[in-house]
Amino acid sequence: MKKLWVVLVTLLAGLSLAQTTLRVGVLLPISTVAGKAALNGVQLGAEQVNASGKVRMELVVVDDGNAPATAVPALTKLMTVDRVDIVIGGLASGVTFALSGPVKQYQPLFLCIGAASSVVEQAFSDYGRFFHYHPWDYHNVAAALEFFKYLYDNGARRVAILYEDGPFGSAGIQTYRQQLERQGYTVQAEPFKSGSGSFTAILTRLKAFRPDILYWIGYDVDALPIAAQTRQVGLEPKLIYGAPPAWPVGFEKNSLSNDIAGMTAWLPSVANAESRRFVTLYRRKFGEVTDEYMAPMGYVIALSLGRAAEAAGSSDKDRIAAELAKVQMDTPFGPLSFKPSDTGRTRYQGFNQSIWLQFQYLEGSRRPVFPPNRAARPLRFPGNY
Amino acid sequence: MIAAAILLLALLLPSLPLGEWRAFLLDTAQFAFLTSALALAWDLLARSGQLSLAHGAFFGLGAYAAALSAPALGTLPALLAGGLVAALASFLLGLATLRLHGMYFAIATLAFSEVMRTLVLKAQFTGGSIGLPVQPAFSGAFPLGSYYLAVAVLALSAGVSLLLSRGRWHYAMAATRQGEAVARVLGVPVVRVKLLTFGLSAFLGGLVGGVYAMKTLFLSPYDAFGLGRAVEALVVPIFGGLYTTSGPLLGGLIIVGLETWLRLRIGEGYLVIYGLVLILAILFLPRGLVGLFRKGVGRA
Amino acid sequence: MELLLQTLINGVLAAGIYALVASGLALAVGVVGIVNFAHGEFTMLGAFIAYLLFVGSGLDPLVSLGLAALVLFLVGSLTYYGLIRPVLGAPELNQMLLTFGLSVALQNLALLLFGANTRVVSPPYQGSTIHLLGLSFGVVPFASFVLSVVLLGGLYWFLGRTRLGLAVRAVAQNRLAPGLLGIEKERIYLLAFGLSAALAGVAGVMLSVILYASPTVGFAYTLKAFAIIVMAGLGNLGGVVPAAVALALAEALVSTYLPGGGGWVEAVFFLVIFATLTWRSWRAA
């Protein structure tokens, strides 16, 4: 009898050790800051999944070159040569749009990490294996507008918007303008060329407008020139509020960054258990703390995929997709579950505007200041520039 | 000879037993063909002594014109329209820059392409900075449709290039390149030679852009009018061998192939090697790749 | 009136750094006859030298200026010996491909070593402002303008008043005659190319304070520098400053007075170049 038990236990243990092995394609612009962070996150997440022993995740990493002409053949290779069924990728909107054709042709389970543009939402609207984790651009707008409403209640009336004239800056600009005017603001919007570093002339022009808020939508390269030149022309707004996808390295140590506000989905100082766990694991693997929210985003994708594969007990992409649709988990960003998108165009939307938080550079680090329930410090308004 | 062999290979590639690499090779080859075709178009103009940095703009104009007119005209007429728009632009540009040479011409064409990009960026009907979704070639009826379009554009460019590498036209272009005053004395209609070459070269560039649009299915001003593309159009012929047909043809395939191979092999930092290869090529192959095949023709 | 004055000052201040980058390039193109696509990468090296010294040992970028100039002079000389000299006799297009290869290699080497991140230095005077008669402008743009003027003044003095400098100019104006005059062309080339790189290095340090340090920081300014030297006329070193001022003023006027002008700056810059080049070519006929 005892022997039988031993045999049974060994048999069960053996069965449970029969892991599900997943080959996952990772298609990211690995020579960009966000792409590299996302890749680190995915690798970290996959390591965690593998450590649990139930699912074995093998990553096949390919550079999408941040360009359609590189990304399309790269996806084709993943699908036909490496024969993966699952792809994590889609960071830049333009590239992701170009991938929509080949994705529909090869029918992978596509876990999309970025691509906030609603043009992409349209392109994937009839594709059932599309899981979009990142909020859509209208979520981003909604989150920023909530903050603007709060500022209006605190006496701000005039907003000057500086937006870069590429797809990133110009996409939501009309919506912003209308919505801000509906809130009661007077708005003046000016385009600029990102990376040019010359804002003096535009800011001089804005002086006559006397904005309460200087809201800029551009890239990390524009952060310091705007901060410095705003002071140099003597614009003296009550708040500089920036919305780049990433901030410069070491910007918090620069005194010009003080009081500048911004929006992000995540900060290393976010105080939830999953976030702390992520920071610890990331530091152990890479020896540093990351500020890029794309890193935890990649991590979350890998973890959720591992969880779905474990529940499915199979490497079949449709069974995994069915389980992924049911996933409920805590993440560094807060709870994750998939619902149809607000426009109803795509069926599996992960995060929405609630993950965005507003922070302010205060005494050498970024601190959450809005919404109130997640604020670590009160917003300094008016700020001193 | 080399050209014919490459074109034959391009035609037969889809039916070769390539196994699992087939789809990837076809995709990569298609972009390589387009690179080669644009390089051939650039080389054509270079033969008349005009060093253009506007081929990114012709490419972009052709791409946008084809993409915008395809729903109304259908695939082939739309491509033609793309080529014609590019040719028309080149005609106007050519008239203005008729008297500019060398770097002055290059910078004027660079300026032209930067202005064009801004116009497309600011216009409403082009989708502006957000970009323009494009319909697939032949409404997606043939999976290999855009592949064969790329082969066709490559064949056309190579054909035109071959045709113009012999006969009176060839001498007229070479004479114009080596000295306009002398050419004029020799009875070469310099203005006509320059404008016609410009138009032809831009037409081909526009066609390439159109086919590219129907492959990537999405255009944005920064991608379609990129300076990188104009520079690539000039790097490939120098690498392959200037003023020849097989040079740009082979150069495009090898450069795209090399870049793809390095990216798959090395991953991060592969472009360092790519840059070094270009440097070595100039130091050791001053006449380009085709110089390898023509030993004894006075290698420096 | 005050706005106009402020705009003019903005334009002139911006011209300083344009002229600095362009003068370096003009030395390479005008004297050595090399279209150096890697000039922007030399600038980038200067920016990274300033950044690394600042982060590593807290050195003020002002101190790094001299060091960057020295290092870049060496880099320039080595580049000349190793890469440029062998192709001096080659067609212009070959030289262009060579420097393009160098540019790609350097830029991606930096990408490999430092990543694509934008990095900033933080000297205490970075945001300081001078207020004068109702006008205001930054200390850093003003200082970089003054520094550019001093450096360019020094360069012109060197070219116009010293024996060696006159030899450089002789080579710039005629590639054959100097040999007859007993001027050692190779030494002049080496000097000019080294100086060109050193100027790029100095400009790079300034860019690290005004903008940032990143593998691509040199690109935007180099493209404009090319346009500026062509507008001035190749080999015409003296024309660089007026061309830079004209273009910077055009930019400042457009973005101050045209609604939404910030999006047209680039186009106006190149339109001015295009118009100047073509107009000049037709007038000369």
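By letter and in written order, the chains are A, B and C; residue numbering begins at 1 in each of them.
Please note the rule applied: a residue touches a chain if its C-beta (ideal position, glycine included) is under 8 Å from a C-beta of that chain, and two chains touch if they have at least 3 such contacts.
Not measured: the values here are computed from a predicted model.
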Chain pair with the higher count of C-beta pairs in contact (B-C, A-B): B-C
Chain located farthest away, centre of subunit C as origin (C-alpha): A
Euclidean distance of C-alpha centroids - subunit A vs subunit B, Å: 37
Chain centre separation (subunit B, subunit C; CA means) in Å: 31
Where subunit C touches two or more other chains, by residue: 111, 263, 266
Residues of subunit B touching at least two other chains: 121, 268
Sequence positions of subunit A contacting 2 or more other chains: 31, 165
Residue ranges of subunit B in contact with subunit A within the complex: 20-24, 26-28, 31, 121, 128-131, 133, 136, 212, 215-218, 220, 222-223, 260, 263-264, 267-268
Touching residues on subunit A, where the partner in the complex is subunit B: 30-31, 61-63, 65, 67-70, 72-73, 76-77, 79-81, 83, 94, 97-98, 100-101, 117, 119, 123, 165-167, 169-171
Residue ranges of subunit A touching subunit C (in the complex, touch as defined): 31-33, 36, 162, 165, 189-193, 195-198, 200-202, 204-205, 208, 219-221, 223-225, 227-229, 231-234, 246, 248-251, 253-256
Subunit C residues touching subunit B - in the complex, by the definition given at the top: 29, 35, 83, 86-87, 89-98, 100-109, 111-112, 223, 226-227, 230-231, 234, 263-264, 266-267, 269-271, 273-274, 277-278, 281-282, 284-285
Subunit B residues within the subunit C interface of the complex: 46, 51, 96-100, 102-104, 107-108, 110-112, 114-115, 118-119, 121-122, 227, 231, 234-235, 238-239, 242, 268-272, 274-279, 281-283, 286, 300
